[in-house]
Each structure stands twice: as structure tokens, then as C-alpha cells.
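This is the structure, below, for whatever I ask next.
A, B, C and D label the chains in the order they appear, each numbered from 1.
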Amino acid sequence: MQHSTIPPLRITVWNEGIHERTEPGVAAIYPEGIHGAIADGLRLLLDGDPVIRTAVLADPEHGLTEEVLAETDVLLWWGHIAHDQVSDEVVERVQRHVLGGMGLLVLHSGHFSKIFTRLMGTTCSLLWRNGAERELVWNVNPAHPITAGIEGPLVIDKQETYGEFFDIPTPDDLVFISSFSGGEVFRSGVTFTRGRGRIFYFSPGDQAYPVYYHPQIRRVLANGVRWAAQTAAGRTPPAVTNPSRGWFQDSPA
Amino acid sequence: MQHSTIPPLRITVWNEGIHERTEPGVAAIYPEGIHGAIADGLRLLLDGDPVIRTAVLADPEHGLTEEVLAETDVLLWWGHIAHDQVSDEVVERVQRHVLGGMGLLVLHSGHFSKIFTRLMGTTCSLLWRNGAERELVWNVNPAHPITAGIEGPLVIDKQETYGEFFDIPTPDDLVFISSFSGGEVFRSGVTFTRGRGRIFYFSPGDQAYPVYYHPQIRRVLANGVRWAAQTAAGRTPPAVTNPSRGWFQDSPA
Amino acid sequence: MQHSTIPPLRITVWNEGIHERTEPGVAAIYPEGIHGAIADGLRLLLDGDPVIRTAVLADPEHGLTEEVLAETDVLLWWGHIAHDQVSDEVVERVQRHVLGGMGLLVLHSGHFSKIFTRLMGTTCSLLWRNGAERELVWNVNPAHPITAGIEGPLVIDKQETYGEFFDIPTPDDLVFISSFSGGEVFRSGVTFTRGRGRIFYFSPGDQAYPVYYHPQIRRVLANGVRWAAQTAAGRTPPAVTNPSRGWFQDSPA
Amino acid sequence: MQHSTIPPLRITVWNEGIHERTEPGVAAIYPEGIHGAIADGLRLLLDGDPVIRTAVLADPEHGLTEEVLAETDVLLWWGHIAHDQVSDEVVERVQRHVLGGMGLLVLHSGHFSKIFTRLMGTTCSLLWRNGAERELVWNVNPAHPITAGIEGPLVIDKQETYGEFFDIPTPDDLVFISSFSGGEVFRSGVTFTRGRGRIFYFSPGDQAYPVYYHPQIRRVLANGVRWAAQTAAGRTPPAVTNPSRGWFQDSPA
């Protein structure tokens, strides 16, 4: 058997954290917060003693200081009703870290977060309906690392409906497509590259339903974290260079 | 207004043509054959007096002689129960023309045709069920020429169900995604480039339902033909070259 | 022959317009401005009496009022030393029109323009060197409409060198790759979709060399304009919808 | 530190093995064969005691029996002058394993191998010239696992020149672009998905030059093997299914 020594993954789960404080129904589903449920799932499924933090909007600097981001291999982002309360300074900081190689998982209503729309360049708008419909999540990319161990479809008995047209750039990889009882379809799992960073958007997950306890949803998130992580990479965004002719002759062979 | 002079499109609609001869129910829906219904739709929607031929399996050389292909800008392909009766010689000829720039639209059960599987390199297998379910065809690419004039979803009241996993290479463009009453999803409109040729696979359309009379399905096929056509291009597949250093200095400026 | 009636293309060529006023060498190459040379090339090659305007930074609202954009099918953008003088209000307006379906061609040093970096979400940084090196532009996508009539390579005797890593998102289509005498390579022709709009970035073209008079460069720009134009489309960016279940049953068949 | 227990990678390096037996110059460079040099490089760079076999054309069934392939996570393929001597039966077997999830690295002149052209569906033709030119291999995808630890450009002092147009389908990921002293460019590192399998084509490497001893070329091959391997996956190519409506309700939650 192979025994490799790799530094443990460092993960930060960020959550707006408002629904849980203001809506008893949500608090009942997520007593530790949505971030707590997500962190629990990752702890369960990721080998190698990952370092998992959580942070919320109400924390100073939203809990996303330069120091925290510098120690984060992959950031997960859940937000919904307070996107505009996220400070532009923190958004720029997160963008810089993503371009420098930090992985980013954007979840559910995070499609409208400042960080996601800024990285996409589009409206990221979509069709939605809150009808407690059944969502089926189909794996259309069985060779992709994010679908390892996932047979389709994942069945989510009750969910908010998201539908096309989802205004995102053409993704690098289309991983999952969802259908809903009402007939809508949605590109529910898509990846992007921005700078040196890897981004995975995954739509299942809503404050009103216990989606983040679903074993296969947890598996997808764990796979996504592993896929997005680049433990060995530096954290320098690409920058302009102006080298003289033949500069590469001094490169190491 | 702009008056441009472009040679008329030359289109060949190929159909296996067996269901219509052996099944009265199919003959009742498609008295002129599936190819006849498709050709009628194209005649209705394409400006500029296109030259539209049809050809069937039973024709000599399946109606796809070197001469016919040389005069075809776009070939449409419908087949189902007799893929193995298509001669390898004709398949190689069609492949050569596609690589040389002829457009190809592969329809419905044509996913299992020799020409499609050969151009894809995969099994092109899928999930299917004949349950007369409702198909909804969603436009996920509103900037694509094939969706011009198409608002989604197209509603097809009764259809054969096709579902994922559809074993095709990653398409160049994902244009349509279908859902079915049973909950399945399918990448129902996808494009590929092979050599100099453009390929569009579009799944709606079955011998048991009058799908090829659906006005919006006809619109998609007409758009697909226009998108796949390269009237000005030659018909030479890419080939190995072995030029001497600096050969391009003689290129026209 | 086919006689179709299509409304004429409406094109706006935007140029910063500073080099030509402040540097005699540039004024000597481009007496009508870079925008003038580009507009001349398009007039020469586009059939159907296109309506071609030009606009520059110094114009009120940079010449890009709501009215002008509403009457523009494709906008070309050349900028270099004054990106930060472009008002954010105009940039947002242009972005809205692109997302709504206006075509956009971004040229050369426009890679660092506000509008391009905002649509990309990355730094758009690159390697550069001003060494009057020879650029070869290779066609790696002979089936693409933008390469119609273009055999490779295009030979540009003297050019500014652009090299990888070019920090852009994965393009929808890679069309051209350039090499330079110094050995660098650059993805010099790439396309993107954002919202309903089509974007083409094409790097050849610098204020210090007469690149925009090169017949094949002009051909590429004319092809790019035709590819990016959607004359029949509306101009509405994608937006959130919240329809009730079964809303599409009223769609036209 | 993280200690994970993963079964060791199982790798088979396949080589035609003719140049080394018939040309003293090649034998001098590759005394253990091209396959031997490649295997040595992988042994040096891959942790976890990988199981590395080699096989050559002259072996019974070319050394690629059902048993060998069933025990192979990743197959590397080098061939040049004897592509037509590879039996169709073995090619079909390899294709089946790739579609079922075996990784495949196709090297240099393997672009014309039966297995590669069959998986691509195109001619896979290219421009070539044997002029001992310098090749520069540029990393255009710094977020890709295959470029981990690779700063560009790799400098190969003498190489056979490969140039565009390279007649392959649009790759899933473009990883490397090469330039040559003569000015040609080539998409020298590209990935594809076929069925459940991952494919990496990497062009540097020729029998006449000691490219497979180059430390960074070896790094790329090791990265490619890790990227293509799916140790946990089964080995079943996608196949048609015909389930009854609602079949997925019995899926595990």
C-alpha cells in the first residue's frame, strides 16, 4: 500500500449565517448553522485530518482576514439575503486569493454573491420557484474527480427549484444537471478556472431543507474540495511581465 | 437593406426509411417518410431557394455517392434499426467529407449510427424508455446561432425518453438540455468539430411521434443547417505536410 | 442565386485616440486614427452597406451613449494608455449591452481595458516586449467562421510581442495562436460568451506598426464582426424569473 | 501530516520498440528502450511504489492481454513506424478499457496510432519537419494538475518540429503550447475524456533526441499519469440501459 505524506487540507466554510438566527424553522434544521453542517460532512469524509474553520458575515472582516485566507486551501461560500453586506474590500481580497490559487466552492444562492458575479462577469441570474419540488441530480461526467463514488441520480425529496437560463460563462466542465418535478432543468454542478484558481459551483442546498445532511451531497462537496485544492501551489495571482529576449534560456532544464 | 448574393445551400436529408414501409402507424404519421417531413420543414424555413435532396438506405450506395456528397453542404442523418446495413465504404466516404468541411446533423436514434460513433470515438450509448412522456427542450445557450428565434422550453407532448449518461465526448457547445416527465435529463442539442467539419446532434424526433412537424423543432433544424454549412470552403480533409523551414514567407501578405 | 434581405450591420469602432494625437510616428501610420484604419478595412470587406461609426475617448460620454449602443450590433474596442480614464458608468452600460446581445471585439492592448477585465473576472495580464519581432498568427480552428478564407500563418513582419501566461478564463473557442521570433507563444484569437453576447479578443495590432492595413488582419476583423453580430436579437440581459409551475404550457408550440 | 492509504498506481508503458533495435543512434540514446527511459522517469517521480510494467509490439498480443489491461490504471503509448502492425483486436481491447476508465497517455508520434485516431474520430494529421530545432513548451494552464511544479517554458534544445494544423477534436483542456525555432506552433499538451477514461496527449519526445531524460518532461509525464489514474473506478464502459419509470427511487439516499 502507498503511504504518502501530504500536508493536511485547510478549509474555510463561510456562511452568511442570518437565516439560522432569525428563522426558527431554519435553526431547527441547522442548529450549528449551515456552515456547521457542511463542516461536519467534510470532517466525516476527508481523510488526513483536514483543518476546517468556519466564518460568518458577523465576524470582524467577515472572518476572512488576509491571515485566514493565506491559510486556506479551499473556501466554501454560502450566502443568500445579505450579499450586499459583504464588504468590497473582503471581496477583492478573496478574488485575489482565488486568482492566486485558492480553491472556491460556491453553493446554492451564492450564485448571486459579489465574489461569484465578479469572477464570472455575467449576471448569474436564473429561474427559481419555491415549491418543495423533488430535485434529481444527474452525473453527466463520470470521468470527473468530483463524481468519484457518485452514481446518479441523487434524489433530493424537497428542494427549491432552480432553472435555466442560468447566466454563467461556458463552464470548463459540466459535471451535474438537475431536473425538478415541475420540469425545469439546471446546470447544477459546473467548474471554472480563474487565474491559478479552481472554482466549483454546486446548486443543491437551501436553508429550508436539510440538504447538507444528504450523504451523497456531502460526498460531492468533499470531492469538490479535494479537486479544488492545490496544497503545493503558491498564492501569487498572475501578473504582467516584461522580460528581455531569451530570458528563458536560464530556466532550469 | 442588404442584398447579398450567396450560392444556395445544398442539403441532403438521409433516412434509413424502413419504419415507414413496415409499420402502418409510422406511415400514417410520415406518409412522405421522415426524410420528406424534414425536407418540407427546411424548405419552409430556409431562404434563398436551397437545393434539398433526400436519400434512403435502399438507394444504390444508399444514395450517397461521391457526386452527391460533393454537392452537399449539409447532410442530415436519421437511422434506427438498420445501422449495420450501412456499408462501411459509404461511412468512410461520409467521414471524409465531414473532415473536409461538409456539415452533418445527426438526429435522434442516429446516435448509434456508424458515422456518428466513428466520429465520436465513444459508445454513444444512453438510457432510453418508450413511455410517451412529455419532453421539454431547454435552451441553455441563447447566444448560439442554433437557438436564434427559439425561446425555451420547446414542449413535445409525447416522446421517447432519452437520458444520461450519454456517452459522447465533451461537446464544443452545449445548446439544449431536455427533461422528461419521468425525471430524466439529456443533453439533447450538442455540437462538435471534426477536421474542417461542423456536427450538430439533436435528439428530439422519433418515428412514433410527429415531432418533425413541430414548428420550433423545424426552426432548430433550419438553424442547425445554416450553422453547419460552409458554402465557401473546399472539401479537403486535413493531411500531413512536411514543409521546409520558412515556407510561409511566400504566403500572401 | 440567393437574394436575402437582412438589415445592414451596425458597427461602432471605439478608440482611445491618444497615441495618434501625441506621437508623430503613430500619426504618420494612422493619419485617420487607428479607428479610421479599422473602419476602412471593415467597409472594404463587409457586404451589404454596413453602417460604421467611430467614437473616441474624448467624445462626450466617450461617444458611447445609450442611443449609440442601442444602434450598435458590434462594438470594436482599442485602448492602451488611458484605460482608467474610461468612466465606470460607460463601462457598465457597455457590459449591459454585451450581456443583452451586442457583439464585442477587443483588440490588442484592450486586454487591460475595464470592460474586458470586468467581463472576464481575471487579471488579463500577459508577458510583453517591444522588440519589433516577427509575429506568425496560426489558424488552429479551420472550421470556425472567424477563419473563413484565412490560411495560416499570417505573417506580421514587426510587432510588439505578447506571450503566455495570458490570464483569461478558458475561452469558448481557441481560434488563433501566435508565435514570435523570440520564441514566445500567445493565444491571439479567442472567443467568449457572456450573457447573450459574443466576444472575440484578437491581439495583433499595435499603434507603432501598420498592422490594421494588413489584408488578412482586416479579413479576420471582418469575419469577427460577422460572427459576433446578432441582428435579429433583442437587447435584454438575462434576468431572474420566478414563474409558477407549468408556466411553459402556454408557450407557442 | 496526512497519511492516507491508497493502492499503488499500476502503470504499463507500451513502446513499438523498433527504432532501438534497428538504429544504432537510437539504441545509444535509449539503451533500455524508450519504454525503459520513460519507466525510469516515472519510478523516480511517483511516490507510493507504483507497479510499472513495460510491453512492446513484439510481445505476444503486444503485451496487452486482457489480464494486463485489467491490472493497468494508466497506459502510456509510444509508436511511430509500425502503427499498422498493431492488431485491431488489441486496439479494440485497449479502447474498451479506456472507455471503462483506464487512463491513456499518448506520446509524440503516437498521434497516428490506431488507438488514438479511433478515439478521436479525426485524421490526427499535423505538420512536421526534422530540423533539430529548439522546442519551447509553454504552460498555458497553471491551474491544471498536469502543470503542478512546472514553470514554463520547458526548453528542449533539439527536437523534431510538429506544427499546426493538428487535426484533433477540440480538447477538454489545453495545457501546453509549443513553439519551434522555425516559427511553427503546436498544441503539445491536450486532454480528452472518452467514456469513463481520461486521455492526455503530450508531443515532446522523439527517438532521435534524449527528450525522455529531461527532468521537466519526466515531471509532466508523472503528473499526467496521476491525473489520468482512477484507482477506485471500475472498468465498465458505458452501455445502453432501459429502466422503467421511477427506477432511481430505489437509489441509495
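Going forward, a contact is a pair of C-beta atoms (placed from the backbone, for glycine too) under 8 Å apart; a residue touches a chain by one contact, two chains touch by 3 or more.
If you want to know which protein each chain is, UniProt gives these names: A, B, C, D = Trehalose utilization protein ThuA.
Only a predicted model underlies this, so the values are computations on that prediction, with no experimental measurement involved.
More contacting C-beta pairs link the chains of B-C than the other of the two pairs B-C and A-B.
The most distant chain from chain D, with centres taken as the mean of CA atoms, is C.
Two copies of one sequence, chain A and chain D, touch each other mainly through matching residues, since over half of the numbers at the interface are common to both.
For the two copies, chain B and chain D, the CA superposition rotation is 180 degrees, given to the nearest 5.
With centres defined as mean CA coordinates, chain C is found 31 Å away from chain B.
In terms of their C-alpha centroids, the spacing between chain A and chain B amounts to 37 Å. Residues of chain D in contact with at least two other chains: 136, 142, 152-153, 165, 170, 172-173, 183, 193, 195, 238, 248. Residue ranges of chain B in contact with chain A, taken from their complex: 134, 136, 138-140, 142, 152-153, 163-166, 170, 173-174, 177-179, 181, 183-185, 187. Taken together, the chain A residues at the contact with chain D in this complex read 1-9, 47-49, 101, 136, 141-144, 148-149, 151-155, 172-173, 193, 195-198, 214-216, 230, 232-233, 238, 248-249, 251-253. Those residues of chain D lying in contact with chain B across their complex are 95, 99, 118-123, 125-129, 131, 133, 165, 167, 169-170, 172, 182-183, 192-195, 237-246, 248.
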